[in-house]
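Just so it is clear, A, B, C and D label the chains in written order, and each chain counts residues from 1 on its own.
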Amino acid sequence: MNVNLGVNVGSLELRNPVMPASGCFGYGKEYAEYYSLNQLGAVVVSGTTLEPRLGNKTPRVTEVTAGMLNAIGLANPGIDAVIQDELQWLAKQDVPIIVNVSGDSVEDYCRVVEKVCASGLAQAIELNVSCPNVALGGIAFGVDKKVLRNLVESVKAHCTLPLIVKLSPNVTRIQDLAVAAAEGGADALSLINTLIGMQIDLKARKPVLANRTGGFSGRAIKPVAVRMLHDVAKEVDLPLIGMGGIYSGKDAIEFVMVGASAIMVGTANFTDPFACPNIIKEIAEWMEREGIKNLEEIRGCAL
Amino acid sequence: MNVNLGVNVGSLELRNPVMPASGCFGYGKEYAEYYSLNQLGAVVVSGTTLEPRLGNKTPRVTEVTAGMLNAIGLANPGIDAVIQDELQWLAKQDVPIIVNVSGDSVEDYCRVVEKVCASGLAQAIELNVSCPNVALGGIAFGVDKKVLRNLVESVKAHCTLPLIVKLSPNVTRIQDLAVAAAEGGADALSLINTLIGMQIDLKARKPVLANRTGGFSGRAIKPVAVRMLHDVAKEVDLPLIGMGGIYSGKDAIEFVMVGASAIMVGTANFTDPFACPNIIKEIAEWMEREGIKNLEEIRGCAL
Amino acid sequence: MEVLQNIQLTKDVFSLKLGGEFSYEKVQAGQFVNILIGDGKTHPLRRPISIASCDVEERSLTLIHRVVGVGTHWLSELKQGDRIDLMGPLGNGFPLPDENSKVLVVGGGVGIPPLYELCKQLSKLNCYIDIILGFRDEDDLFMVKEFEKYGNVITCTEDGSEGVKGFVTCALVNDEEWTTLYSCGPLPMLRALKEHFSHKEIAGYVSLEERMACGVGACYGCTVETKDRTATKRVCKEGPVFSWEEICL
Amino acid sequence: MEVLQNIQLTKDVFSLKLGGEFSYEKVQAGQFVNILIGDGKTHPLRRPISIASCDVEERSLTLIHRVVGVGTHWLSELKQGDRIDLMGPLGNGFPLPDENSKVLVVGGGVGIPPLYELCKQLSKLNCYIDIILGFRDEDDLFMVKEFEKYGNVITCTEDGSEGVKGFVTCALVNDEEWTTLYSCGPLPMLRALKEHFSHKEIAGYVSLEERMACGVGACYGCTVETKDRTATKRVCKEGPVFSWEEICL
């Protein structure tokens, strides 16, 4: 095709703007049975913590209208095993790796980031700041400006890779948190993480999820995600990665038009395992139809 | 049927828990052509302000997946005309009237509330606190604890009717705002108002709505609404009215199970003009099937 | 209602004939119906489509629509026997003139369909009808033959591939003594007509489009400002047909 | 794939025969497919359904499901010629025993279907198969005749309206010398079986159900804890069939 899909997210150069979102693509192996990961802009791996975690009790996923709730609870084998068993394999593919780092204390985050950087296997860190902060009684890091700024600053001091901070949408003014992350030293921002939702099982007369609440994602949340990306783009001058309900090339373009440099695809992978390659194709087709050679031409045009 | 649909919301006695939500039912006349309003628990009229308002430029409604965005901008003929031309008519029906009061200053709210109370035509006030506060540069009253508490306190001093405060979902911790409203003297709380969303028109390369952002409602927001009702019910001891994406009797029951005494139906009226009477019927059928005589038996059972 | 027939008129214009329970007797030319798309779960807002023709004896309704998005695409795929959920007739139609009046009817694109039912009514009143129909190009033409039953039809196309080249106003060179103008089509067309007739004594009625949520007057989504811009009217309730004196075009 | 046939077996159990492109050759008894409901817009999560039978020659697949919600309801309304989007075969099936083994197959409700393909495979290995099938009541019975082709079938119903009254374990009075137990059904049934055989030397394989999002092992939604509760296995990837020694039932 006669279009250039390449984009830059700060110093990261991606062959196209489409990456699977953290937690929705494991560590890549499963979807590699469906298509070559080398087609992707990057692979973002599942939320990784210092120690192994079993996650929450099941049921921990459920469907809602045009979306889903998940309360996986950061199930993962811990950063050492992830490096050993997953990143080693993934690094043999020809695709940038972004490691999504989660934790429940500043200390934990820093140590995981150090290990990822030291492994030499990843191209960037994505900081999941929607995790409960144990020191603050379980309130997420990403909902308080000072707490967030402090976390980002601390992590940044241990981080030799580009640092992407992933914003939580469960806040009054997301642009304020974006500013805090920028002040803390973030190199880029990604948004949105999941909204918080709940579904009741009428027969059991209690929440469907064992964890009661769950992260709400999928098509249903797209209008909120586009609006928040817009709000952040208006106030912060960092590269932005948009996500939330992206299922098609056109969905992706909406995010670009409000300022995204790249996008991530989460729930759509579950509905269609070929979601990411399809979206890449649809973006290219749209660009061709509209006579756009490079996404920079339209980035932020709707702001 | 062998079930008692009657509910109390504080001192308000309703023949059933189903009311059309503000802004989605005009002042009742239009839907009265489809069915008798006397079937409803109450009628909640459109957001009413002191002075007449034309509202925002069109387009001011648009569809999103499983929901819609609106930026009506509180178009209404002003409280005097509403009392004269609308409430007079509505008061002749046999159904409680709840007037949704909006404003851009504390003073305006108080004066509208006074006029509604003085008219003797309404049974309760619902305070829409998602309106932009002009004195605070357009930030909504309902997102700051102090501002909200002060507003509710001031209005309460002028209010001889039960005062329902309608909470905005666009906050970090809705339960904190609920507490603030309770402290200010609210007699009941209703939630949620619309989320904030945006949709981009790819052809025009700008937002679909002339106002850029719009209030996001409909099925898509239900998981957020249920979760927020749950969060508020856990912390506040006031009667709660739930809404957000209710389309069926079962949807309504989800809200009751997390603590709602009654529910409101917004966007569903547009999809199906008979939404409210259908939901009433479905609630009764469900109760009968489950052997429940009174909704109090299950209220809050999933908390 | 039930789909009796679904015919493709042009590349993207379809004619849908519906039967079954409906208040056929109440229909005024210019009114519309509001249609549920699928089960309404993904698409909560109904789609407004004008009534192109209402046959009270046959008890059938014809809607003519252009595929522009997901809802109209869904309509275009309906098959005979399918059932659809619609509300209507909604809104206020075209006020009819005195018998034997000389009237002008101007339609552009999918603004043309409601004018067909109007012409049927006008011809019952023995009106003399001049009809101007604007299309994109020769492949876009539809319903022209049907209109010719009722009056003197001039077609225009933007590219001149059929009839007069240019917009409908280009066909207005020899102004006749019309008492009333009825029009439906894109806003620029309506504005140009108003401008054209600004110094004539002619009653003008235009049918407007606006995005709708409720379709019945309850949500205030579809308003248009009155001429003096001090108030609004609802396209779905007071409209879609307005006198061009009433509103701010 | 394409729907070849949709047959109602009981009040709420349906048998769906599918044809078209699929890796029939790869199917192991106990594997499942993950089915898109409608266009997936309202229902983003696919529904996992076990493969009840795979006919490699005929190139067809049979799924048997009970209507419990919106997705299975949608499946039950499919008509011959309809196309559906499914992923599979997914997961790991039942490990097959040595030839001529004496095995016990126990199914409850819609846990029964995957055991049918299993019995086909077991009979190819000349196994002697005892089969216990548990149903709610006599009206709930399905597939019993088909199973009788492969082994000695005992049916149980909760209310005793057909066969042995009570749960499947009630049919286990005279314990035979089975080498392997294969089972699929509700968790309490699987637990009761494990308890029943706790002092016997018998290899047990159980097929589990868990709510799924991806169905391929990528989301960690469908996990079950290992016996020592220090790790988890994914039902969709390492399962749905597990040795009962492996996991915490």
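Assume contacts are C-beta pairs under 8 Å (C-beta built on N, C-alpha and C of every residue); 3 or more make two chains touch, one makes a residue touch a chain.
Every value quoted in this text rests on a predicted model; they were computed, and no experiment measured them.
**Student:** Which pair wins on C-beta contacts, C-D or B-C?
**Tutor:** If we tally the C-beta pairs in contact for C-D and B-C, the bigger total goes to B-C.
**Student:** Could you tell me which chain lies farthest from chain B when each chain's centre is the average position of its Cα atoms?
**Tutor:** D
**Student:** Could you grab the centroid distance between chain A and chain B? Build each centroid from C-alpha atoms only and quote it in angstrom.
**Tutor:** Centre separation, chain A to chain B: 34 Å.
**Student:** Distance from the CA centroid of chain C to that of chain D, rounded to the nearest Å?
**Tutor:** That gives a centre separation of 57 Å.
**Student:** Just curious, how far off is chain C from chain A if you go by their C-alpha centres, in Å?
**Tutor:** Centres of chain A and chain C (C-alpha means) sit 47 Å apart.
**Student:** I'd like the Å distance between the centres of chain B and chain C, where a centre is the mean of that chain's Cα atoms.
**Tutor:** Taking the mean C-alpha position of each chain, the two centres sit 36 Å apart.
**Student:** Would you pick out the residues of chain D that each touch at least 2 other chains?
**Tutor:** In chain D, residues 41-42 touch at least two other chains, as defined above.
**Student:** Touching at least two other chains at once: which residues of chain B meet that condition?
**Tutor:** Residue numbers touching two or more other chains: 65-67, 219.
**Student:** Going by the contact rule at the top, pick out the chain B residues touching chain A in the complex.
**Tutor:** These residues of chain B touch chain A: 64-67, 69, 143, 170-172, 195-200, 202, 205-207, 212-213, 216, 219-224, 226-227, 230, 245, 250, 253-254, 257-258, 286, 298, 301-302.
**Student:** Would you mind writing out the residues of chain C in touch with chain B in their complex?
**Tutor:** Interface residues on chain C, with respect to chain B: 36, 40-46, 87, 210-225, 229, 231-232, 237.
**Student:** Which of the residues in chain D end up touching chain C in this complex?
**Tutor:** 41-42
**Student:** For a test of understanding, state which residues of chain B touch chain C in their complex under the given definition.
**Tutor:** Residue list for chain B touching chain C: 23-26, 29-31, 33, 46, 52, 54-55, 58-63, 65-68, 70, 72, 75-76, 218-219, 267-273.
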